[in-house]
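You will see two complexes here that share subunit A, one where it goes with subunit B and one where it goes with subunit C.
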Partner chain A sequence: MSELNVAVIIKLEPDFSEGSVSYNPDGTLNRAETKNTLGPHSTIAAHAAFYAKVMYNARISIGTMGPPIAESALQMAQRLSDAEELHLYSDRIFAGADTLATAEVLKTGIEKMQGKMDIVFSGHRASDGETGQTGPQTAWKLGFTFLGNVIDYKIDIQNRTITAKRLVRLQGFSDVVEEIEAPLPVFISIDPSYKPLFNTISQRLAFGKFQKEAKIRAENYKQYLKVFNVQQLGVDPKYVGLPGSPTIVYKVERIPRGKATRQAEVLDGSNPEHIRKAVSKMKEALAAMVIK
Partner chain B sequence: MTEGNYQHLYVIMEVEDGKLVPVSLEMLGEARRLVDSFNRKYNLDEKVVAVLLGYELNDISQTLIEHGADFVVYAEHPELMVYRNNIYTKVIGQIAQDKNIAKIISSEDSNFKKPRYMFFGADNIGRHLSSTVLVELESGLASDINKLEINDIKLTHQHKTDGKEVTYEKTLEMYRPDFSGFLWTTILCLDNKNHSIEREYHPQSCSIIPGVFEPIEPDKKRKGQVIEYTTKIDQNDLKVKVLNRQVIKSEVDFDRYRAVVSFGRGIKDAPEENIRLIEELAKSLNAEIGVSLPISKKPFSINQNLSAKYMILERVIGTSGRKISPMLYVAIGISGAMQHVAGMKDSEFVVAVNPDENSPIKDECDIFIKGRMEDVIPKLVEEIKKQSFVIQA
Partner chain C sequence: MEKYDVAIIGGGSAGLAALKQLSNLRKQAILVEAGNKIGSKNVSGGILYSKKSKKGHVHNVEDVYGDVFLREAPLERKITKYILHSTSKDKVYSIDLTAAHDYESNFGYSVLMNKLNAWFADQAAESAQKFGGGIISGVHVSEIKFDEQRNTSIVKTDELEEFEVKAIIAADGVNSEIAQISDARKKFLPSQLYQGVKVVVKIPEDVINERFSLKSREGVAHLFAGDVSLNHIGGGFVYTNLDTLSVGAVYHFDSLLENPVEPYTLVDAMLKNPMICEFIKDDVPSRRKIDKNLPQEEQLRIRFAITKLIKSWNELRESYFSKGKRDERVKSGKYQSVEEIKEKLDSIREQLTQKYGVIFVTDYVEAEYSAKLIPDGKRCRMSKPYHRNILFVGDAAGRGIFVGPRIEGINVGIDDAVRAANSISRAIDKNNFSSDYLGEYYSSSVEESPYTKDMKQIDKDYLKIFLDASKDVPKDIISARYSTVLKLMSSDTIRSVAIKFANILGYERLLPMVESEDTYVKVPIEIAERLGKTVSKTYEPTIPSIAERIAKLKFNDDSNPHIKVLKPQSEFMKKLVTLCPTKCYSLENDNVILQHEGCIECGTCSQETDWKHTRGEKGIVYQYG
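And then the complex of A and B:
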């Protein structure tokens, strides 16, 4: 029995890397042509869980809600975190859920995982939906203390507490670095800038060992995989999917191109005279400010 | 819905280090405009209610009234001095459902259950806070909104209305730009009027992108009332102890530079080489480097150091990132999606380098240099050196 149970919730998302992503001529995402992958923030959440594996020999479980193909995301996350349990919550009725209805499924799933969870990790936000709401909403439904924007953490196994650093950015105002302490269990939404550090030899040895283990497990991921439909999960169908979503997408439209705010002078980049002109204008712009 | 169950617009204020975070007054400004037109349209007298949590913030209440709040509900307690999700969620949840507060605001007895609408800031605090508060209030939430309207909406929906046409009155239309910056999605939070799943979903709530809406001109003569709220603190909600807290300057600090050079997906033909060129240009102008939102999703596999340095959210200019106003803004390979333009439109002088004369950035710049960055940047750098810029730090 492990002394620390860790869950990660992840998401299969469009792959925004060049070569995988496809845009329509109007600049919008071509979902049909774009490949899918484990979301970048889910990847960071899996790394954060693996840190608990290496440091505290945690037992890792991963959960996701999605179509059957989302099991590929579970496999990728297992490869990164050495998870021993993979949960896929998959049912037509879950489709179209907003964040509140998604959180209901994830909360129920996490409660069905083996062992009582001490920490649940989620990514900062999904790269397609980008709401960043599902993590904290799942936390609140679980009744776990929510810690957002965590960039570093340590566990005190004896006292069942966590100390964590949070980086709170208030755009155009200030950033705040906060160190907090809280009793377990906690729900952590991991910051995009999180980087696990393994300093000692024994940590690095454990890192190597579990990485190998993770590779083998991920090759045989199906034996760790459990798929739940709405009945198997035991959620009330009224609280999931479209019926359980307070919000709907009413319409999608192109953002109208605004009126030109400036009258651009068009210069030819291959004409040295034009380059000279551009640079002298730039110089003027900067000079104006010196006088100011 | 029984009239009176859901009333008023509650706006959640953010305070850091004793000072109002700018998005707070921006939200109040938009709340004021919306509620004024709502009251005219429906011949009602609903209020803009600013909700303020903290300690020793008495001066701020007055500022909020001057900026459009009809009422300020002020929960003052030493335990509320800094934002902590648990206790803040509980206190806001209590305030939002407090009938006595509603009675003072409406100046009459009513069946008040919850606010009609609710706004939060879409930043690292408001985003999480809005999420947990709306679970507590069991209603819907839209994030990152940059346009709002209130209308009566006729709708036929399989789940919401059981396929029948229903008119939803006084519905908040919440417009959200998608990640590409080219699409607007309108989100509605609607009661289920389908008998098999009947439920009321109020407040209709959203988080609002910082820097989008203008605060109203402060008016010292505006009248408003401060309601002091006696907070019930449950020790269970104080599990998180703040051991240490430091306000720091961001790693990427656009304000220290007079020029900013930004790049977008246009670097795609040779991402690494092009970033190096952009670095050179930025150096010659003593400029900070920014990026468009798609770049923060690391669309190119390049040298780890370059990726970690540049393809990050901290550098994003636009509604998902920073709003800046340098003396000189140079947009390289940026098409000019609305969400980006919102972050740079206040720049004094804007130069764009782009091969496509039809890209929207042309309408947002003073000089449009037509050409590929691979060809244009080296020429610019050479010319800048020739014209020997004396750049003051």
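And then the complex of A and C:
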């Protein structure tokens, strides 16, 4: 039995990397053509959960709400976190959910996961038009302490407390790292700059061992997957999907781009004349710089 | 502080064998390797031998890894032919030395260290895990402190918290930092070392089979002496791998210092030899200049399209010319039949020629350039390869065999590793890590190894094979220096006596006579000129410049230099401007300056520098090795 239960909520998102993303002629995202992948912030959340696996031998569960293809995101997150339980909340009724309705589904799902959760991780936000509210709202619904922008954490298993470092960005001032202690359970929204560090031999060994286990598990991910529709999840349809969403996004506007003040020039690397030009430009730029 | 029984430093073939053997003996060990991926820092020629020696028992690779080794390890080809060529310009005289290759040997496989060490690592890590050990890569050991009271060592690294162990196996290669940190031995001298430089050439599997008249998975080793050496002591080799060739040049460091040439010119001399030209040639797409009058975007589009098509063509061709890969493509359903692959291949080729003006020429394709020092065990093996509770194995202990054209380092390191692991296991059982119980025991075990005997004495039966093979060479070619020796050696009865006498003299006195310019340069050239067949080349290979070669290598750049020049004006360092294989040194105002970014950690400059490997994960990342 593990002494620490950890859940991660993740999201399948359009892959904005080169070669995967496709746009409509009007500049909006072509969802049908664009490949999907585990969102970058979800990836960081999965890394943060894996840290708990390596350091505290935590039991990891992952949940997501989405269409059936979202199971690929669960598989990817399992590959990163060595999860033992994958939840997909998938029902037509869930469609059109705003952050609050999504939080309702996730909260119910998390409560259905094996064991009582000690920590729930979410990404900082989704990269395809979400406002970073799903996390806090899920935390609120679960009744967990919410810790945002976490960049590092340690657990005291015996006393069931967590010490976390939060990156607080103060506009106009330098960033501040705030260290806080809280009793478990907590809900952590992980900062995009989070990087797990494994400093001892035993941590590195555990890292290698669980990474291997994760690879094998992810190859057989269906074995760990449970899919829930509205009834199976047992949520009240009033609180999910469109009916449960008090906010409706009715229009997304592109912010007009400012006119570029810089002028780009394409140089050909195989042309020595061009190279000379580039070098002289660099020299010019460097000469104008004052190095203190 | 965390505590473990054993630390193994260095994840080359020797260190990995030590880990596997300790796990076979149910002992806990941690292997620490600087490279990010196991295998990424290792270079060999190379042929991996398994031996059956008359002089005693050796521990072979298959003894360590079990039957699975021959079934599953990524071995390239089983070497079944071994041929020595004397060269002079377009003349080549060849002697079949397969008997010398087969001497006391179970098998010899051509291997590429990157793949092979990764496989060894998988096997060793899985076993080690069962006993609380394993492999940690991307970590560079920087210091070792001996705790007199506890009789243990504390290992410090650049990346992790320090940890304590009862014993250490130093398997950190020819440029061992552990040997320096612990004061176990001095740095090897140029007179004790060879410099090896190698390129990997790509050629489809079936083309290799046909060109070298080989059955599937069979291989050949071609050795070269004569004018390809550019007057240096040493020689070159071409080994067939599955779908690549290893073309290398190995020269005595002293002879390079005496007559400095850029190391790559020695490989280039090999590549330009007419026989080797014909070995390496292939059908190579050559781009034509894109019309500069086209709009920039269009030029870019065309460049990308050509790159993509050439890549597809190369990949598909590689599969088409390999029975295994061909069948795989059809089996996977990607193609209906082999004919369909051929059709697709032709259609890509046509698109390239018709639409993009690409022409196909006879040339060769170089995949990787590499270099490394090699210790000559005859001259530099540690007489007692231990210091306190640290046991040295493989290249780190200066243990490599150079007899005639044969280089043996991998198998020797594996034998050492088993002996070290066995000695440590015994020490763990008795909880006695004293020098007497551990170090001396290991040292005498190594002394008993047949490999050590090969590093100390001439094996008369092995020598006879050479003499028999070269009996057609007219005696008058061989200079006066050898004629009496030869006379003595040719008679079976006198040979024994002569060799006994020679062995009394010892290698130190004999080597300058045998390993001389006469042996490696003058005699082979004369043989080639008088007896050789003319081989003509059908094309001139386009040899990449050193800048192009470096650009092709993968580095994980480190802003911190890992080498410090100590004597910027010394004669040695000035020669390094020529002898560094990747031109890291230059001369400015009579001072030698280092630009460490292109360093491939060969160790050639280590003699007069403060030399360390890069920090964990940094530096060169070889793809073949």
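In this section, the second predicted complex is superposed on the first by the 242 of 292 C-alpha atoms of A that agree within 3 Å, B and C clash if a C-alpha of one lies under 4 Å from a C-alpha of the other, contacts with A are read in each partner's own complex, and residues count from 1 in each chain.
Everything below uses one rule, namely that contacts are C-beta pairs under 8 Å (C-beta built on N, C-alpha and C of every residue); 3 or more make two chains touch, one makes a residue touch a chain.
Everything quoted here is computed from the prediction, not taken from an experiment.
Participant: Based on the superposed arrangement, let me know which partner A:I180 touches: subunit B (first), subunit C (second), both, or neither?
Facilitator: The answer is first: A:I180 touches subunit B but not subunit C.
Participant: Go through the superposed model and pick first if A:T200 touches only subunit B, second if only subunit C, both, or neither.
Facilitator: second
Participant: For A:V266, using the defined touch cut-off, is the partner it touches subunit B, subunit C, both, or neither? Pick first, second, both or neither.
Facilitator: Both partners, subunit B and subunit C.
Participant: Between subunit B and subunit C, which makes contact with more of the residues in subunit A?
Facilitator: B
Participant: Tell me which partner A:K209 touches in the superposition: subunit B (first), subunit C (second), both or neither.
Facilitator: The answer is second: A:K209 touches subunit C but not subunit B.
Participant: On the A-aligned overlay, A:K281 touches which partner chain: subunit B = first, subunit C = second, or both, or neither?
Facilitator: Only subunit B is touched by A:K281; subunit C is not.
Participant: Figure out whether A:F16 sits in contact with subunit B (first) or subunit C (second), or with both, or with neither.
Facilitator: Only subunit B; A:F16 stays clear of subunit C.
Participant: Looking at the overlay, what does A:I248 touch: subunit B (first), subunit C (second), both, or neither?
Facilitator: A:I248 contacts subunit B only, not subunit C.
Participant: Both subunit B and subunit C touch subunit A; at which residues?
Facilitator: Dual-contact residues (subunit A): 266, 268.
Participant: With touch defined as at the start, can you tell me which subunit A residues reach subunit C in the complex?
Facilitator: Where subunit A meets subunit C, its residues are 199-202, 204-205, 208-209, 266, 268.
Participant: With touch defined as at the start, can you tell me which subunit B residues reach subunit A in the complex?
Facilitator: It is residues 14, 16-17, 21-22, 82, 85-86, 89, 123-125, 127-128, 130-132, 134-136, 138-144, 153, 155, 157-160, 173, 177-190, 192, 194, 196-197, 199, 201, 210-211, 239-251, 258-259, 268, 271, 285, 294, 297-301, 312-314, 320-323, 327-328, 330, 335, 337-338, 341, 345, 348-353, 357, 360, 362-372, 375-376, 379-380, 383-384, 387, 389, 391-392 of subunit B that touch subunit A.
Participant: In the complex, go through subunit A and note every residue touching subunit B.
Facilitator: It comes out as residues 16-18, 21, 23, 26-29, 40, 98-100, 103, 127-128, 130-137, 139-141, 145-149, 163, 168-183, 189, 192-193, 238, 242-255, 257-270, 272, 274-276, 278-286, 288-290.
Participant: Show me the residue ranges of subunit C that touch subunit A in the complex, using the header's touch definition.
Facilitator: 2, 4, 30, 125, 129, 132-136, 139, 159-161, 163, 296, 299
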